[in-house]
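Look for chain A in each of the two complexes below; its partner is chain B in the first and chain C in the second.
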Partner chain A sequence: MPATKLSKTAAHDHASRVFDLDQMSLRELNQALHNLAPGSNETAWEVLNPKGNHSVAVGVDQPVTIDVRGSVGYYCGGMNSGSAITVHGSAGPGVGENMMSGSITVKGDASQYAGATGKGGLLVIEGNASSRCGISMKGIDIVVHGNIGHMSAFMAQSGNLVVLGDAGDALGDSIYEARLFVRGKVDSLGADCIAKEMRAEHLELLQGLLDRAGVTGVKPSDFKRYGSARTLYNFNIDNADAY
Partner chain B sequence: MTYRNPPTTPRKSATFDDYTLSEIRRAAATGIYDIRGAGAKRKLPHFDDLLFLGASISRYPLEGYRERCDTSVVLGSRHAKKPIELKIPITVAGMSFGSLSGPAKEALGRGATLSGTSTTTGDGGMTEEERGHSKTLVYQYLPSRYGMNLRDLRRADAIEVVVGQGAKPGGGGMLLGQKISDRVAEMRTLPKGIDQRSASRHPDWTGPDDLEIKILELREITDWEKPIYVKVGGARPYYDTALAVKAGADVVVVDGMQGGTAATQEVFIENVGQPTLACIRPAVQALQDLGMHRKVQLIVSGGIRNGADVAKALALGVDAVSIGTAALVALGDNDPRWEAEYNELGTTAGAYDDWHEGRDPAGITTQDPELMKRVDPVAAGRRLANYLKVMTLEAQTIARACGKNSLHNLEPEDLVALTIEAAAMAGVPLAGTNWIPGKNGF
Partner chain C sequence: MCGIVGLFLKDKSLEPQLGSMLSQMLISLSDRGPDSAGIAIYGAPSRNEAKITIQSAKPERDFRGLEAELAKAIGTPVTITVKSTHAVLRTTPAKIDEAREAIQALRPDIRIMGAGDVVEIYKEVGLPEAVVDRFDVRSMTGTHGIGHTRMATESAVTTMGAHPFSTGADQCLVHNGSLSNHNNVRRELIREGMTFETENDTEVAAAYLSSQMAHGKNLGEALEGTLSDLDGFFTFVVGTKNGFGVVRDPIACKPAVMAETDQYVAFGSEYRALTKLPGIDNARVWEPEPATVYFWEH
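After this line comes the complex of A and B, so read on.
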């Protein structure tokens, strides 16, 4: 890593590192993030001029904060393990795909497949998310302040998807054990996804998710809960029409 | 004495043969399509339909036991900082933990490692058994992403993006409830005992342009160290190969319809996809047209059984082959020693394919703790290594007879075909003629 390309600005914490993607390559950025040793004091990172680059800050496995000043392309924060990424713009497809832990916050909107197959951590979309939000999610928590598109939470296995706005068609199609909370209307539910009773434990869980996502002024009781009817868990020919 | 007209011999329909009739009765009784393991069982044009010419006045052979015949292959030299170097061009194909028992996965790792080759995870994540016992392990990146995680991605030696497989191009995975044990359920983040349906499409990319971006992400995550394979089922081998190359693959894996599956509908296995033999030349042609033959390596799988198959595949332009079903047989699958138990399951050794039911007498395709004890990973691994060694020696024998000091020097000119179909598919002359169907306007 050429030292001349690193800058430490007075405007930031002494340990912050600023990467300008107009000046440095994506490869250099990701390599520098991967080179972080446990306990490094370089805990605050800032990425300038992302300009829709794909794979910004992917595979980070240290508990650092990364502020991305602008919009990103595909797979920002992919497989994130422990870092806290904030995208000060919108995110392209697959933001936070397969996230293991940590958090990603998108200040703008997110494209398709936000949080796809995520195993853990928290993904917050402060705008809207497009189709297939939370597809095949496996433990991640996703909070969307706006609306989500069609086929969201398709084959969702585990974790929680919270939507303050509306959901598109076929929500939760072929869902397993993920929990879906939607405050607005749902255009339609997918195969084997049903509305479920919101019990005290769910209200408590939801409040915790809203708190973690920094959502205020919204009551858990305003939401409806959706999940699996579990009728497709074991094959039965009389359910064939559901497929 | 009364005269009786001579009867005709009872004649069964070729169309409605015994198997077909039994399937109609089974479907009528159960209301469920037939699910089974393994690949296509129907008779297909295959490597048996090709012959090597051997040496003659114009070609002289190498001395069988004196002159070296190289078998090594490097995979992933296009972009990866750390390409894989294998001693033999025969790899072990992806088979999941879940479909296979832990001891069986360990045995595959042991056998592959003893032989200087790689083995591959499957649709169930990476287990300690196989990582620990596999010197070179290819980590599959599948639509389901079961068990996919950053740590395992980084401790893999290569990554295989699975778009499809030969037994079911366009189909997703299936693992029935009997095999979803506590451990399998945990690795897949699923409830125990359910019939697991895994997706047929990747959740976060569609099409070749997205695939290019996905491959970029995987390279960035792993710092461009690891070879990235793209595996496709034998559907459109020319275009799939070309698109995989365009998307940035280091290695293209093409799996023909004889390639096995853990569990898929019989109708899918037997009616979708192309035979392995039909896939090779189009895939090689795509690489040649792009100027990428030998730069992007081609692995072919589906029905590879012996060194002759290996040599024929390589002669047609393949860089390496992969075995799955044959590797399981080497471990002990379908062994006649379990005949009495196969009979109890309504089948016979050699025909057992209900791998999804988890009752495998050989202890390989099961999660039953008692049955899986029947696989001794050390002994089974040794058998696999022996088998791989024999295949390699066989291929070398043929290559030397053709005058080649490397398996990769075998070429289509060394081959003829026994049937018009095989000649057309392989692009080699029909034996005794100089006719290649489809070439030169004929």
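After this line comes the complex of A and C, so read on.
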């Protein structure tokens, strides 16, 4: 890797590395991130000119911060484990897919299946997310400031999806134990997804999620909670029409 | 997979760059479809000539002398501009239908890619960059255009299976997705008298739109009809003589991003197709909604 293309900021205790994707390849960026050893001082990373590239900062497993200056394509931050990624732009399909821990913040909008299959960590979309947001989520927390598209939280297993705006059609279709909180209107609920009572424990949980996502001026009591009616867990011939 | 692009210029000062802008957009999506690529460019209208874009697997044989033979057959002057396997024939607008028939009689192996007052269509097997170079697309000027790079799913990888498909004067369509009821729709359209060149599902979508517009619908209304009459996955980008439209099926699996500024409206399967457009950093960028028709007309 040509060291001359990396800049180190000596002014800080912790070195900052800047990767310009107009000058270097995506593979070089991701390899450098994967080469990080535990305890590395290179804790602040900046990625310039992402220009819709796919797989930016996929598979990072160290607690570094990564600021991506622009919009990214598919799968940004996929499989993230512990890093804090901020996309200063919009994200293409599959942002934070299968995230394990850490956080990803998208300042703009996110395309289809944001946070799909995520097992942990926090995904914040400051704009809108399109269809299938949180599909098959398995423990991730997702906070969307705007709206989400149709078929969101399809087969969602666990974790929390918080939507400050509206949700599209078929929210939570075939949902298991994920919790869905929507402040605006829901176009329609999917099979086996129902509105549920917002109890004190849920208000507390939701306040915690809003705090973690840096959302202020929004009350947990403004949201409705949705979850599983638990009628599709085991096959029952009387439910055949619902499949 | 497939990659599709579209560019509709509002600012006339960009018209000389249409070919280069659209070429760059299409090349950026090469890894969405390496089989074949194509582009349709809508050039400046001319009051006294219309165009037919033709293609031949043996251009040296088929294009030689065609200009004179066709002029004689239809009794009107014809000019020909050859670009590799394609050629654009120009003649008086009133003679276009007659010319199409005469071409088929004079050179049975020639395929007609499209015809109209302004459209030119170029498509071939190969990567987008090779196709763009072969037809010198970068130097083309125009008001709007659409392009496609193909990863075949529904029919063979051939020149005729590449997009855009044109089934009406100055009308053409590119498609990302696959249709499941195209055989039925094709049969219905054949009964109406439409003809098909291929077994391809996208040609059916193009013909469906041509049929709807022939029945008096405008582009927006015709696109609206695809939502109820076509079954399958689709993101369509469509060009007409003065218009440009986009529609996605209600499930909207196939990706789509649009950008609009005072200078243009642009479409790409992915954002990276749009990153080199002028003023993109300040453009309004959005994903077209499922089952929603978008169209612009000059």
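FYI, the second predicted complex is superposed on the first by the 237 of 243 C-alpha atoms of A that agree within 3 Å, B and C clash if a C-alpha of one lies under 4 Å from a C-alpha of the other, contacts with A are read in each partner's own complex, and residues count from 1 in each chain.
One rule holds in what follows: a residue touches a chain if its C-beta (ideal position, glycine included) is under 8 Å from a C-beta of that chain, and two chains touch if they have at least 3 such contacts.
Computed from a predicted model, the values in this text were never measured in an experiment.
Contacts of A:174 after superposition on the shared chain: chain B is touched, whereas chain C is not.
When the two complexes are overlaid on their common chain A, residue A:233 makes contact with chain B while staying clear of chain C.
Comparing chain B with chain C, more residues of chain A are touched by B.
In the superposition on chain A, A:61 makes contact with chain B only, not with chain C. After overlaying the two complexes on the shared chain, residue contacts for A:93 are found with chain B and with chain C alike. With both structures placed on the common chain, the touch criterion links A:73 to chain B and to chain C. Once the two complexes are overlaid on the shared chain, A:147 sits clear of chain B and of chain C alike.
In the superposition on chain A, A:111 makes contact with chain C only, while chain B stays out of contact range.
Of the two partner chains, neither chain B nor chain C is touched by A:160. Within the superposed three-chain model, A:51 lies in touch with chain C and out of touch with chain B [touch as defined at top].
Across the two superposed structures, the residue set of chain A contacted by chain B and also by chain C is 73-74, 93, 112.
Per the touch definition, chain A reaches chain C in the complex via residues 51-53, 71, 73-74, 90, 92-93, 109, 111-112, 130-131, 149-150.
Every residue of chain C that touches chain A in the complex is listed here, in rising order: 251-253, 255, 257, 270-275, 285-287, 290. On chain B, the positions that touch chain A within their shared complex are 30-32, 144-145, 148-150, 153-154, 176-177, 188-191, 193-195, 197, 199, 203-205, 210, 213-214, 216-217, 220-224.
Per the touch definition, chain A reaches chain B in the complex via residues 26-27, 30-31, 34, 54-55, 58-59, 61, 73-75, 78-79, 81, 93-94, 97-98, 100, 112-113, 116-117, 119, 132, 135-136, 138-139, 154-155, 157-158, 174, 176-177, 232-235, 237.
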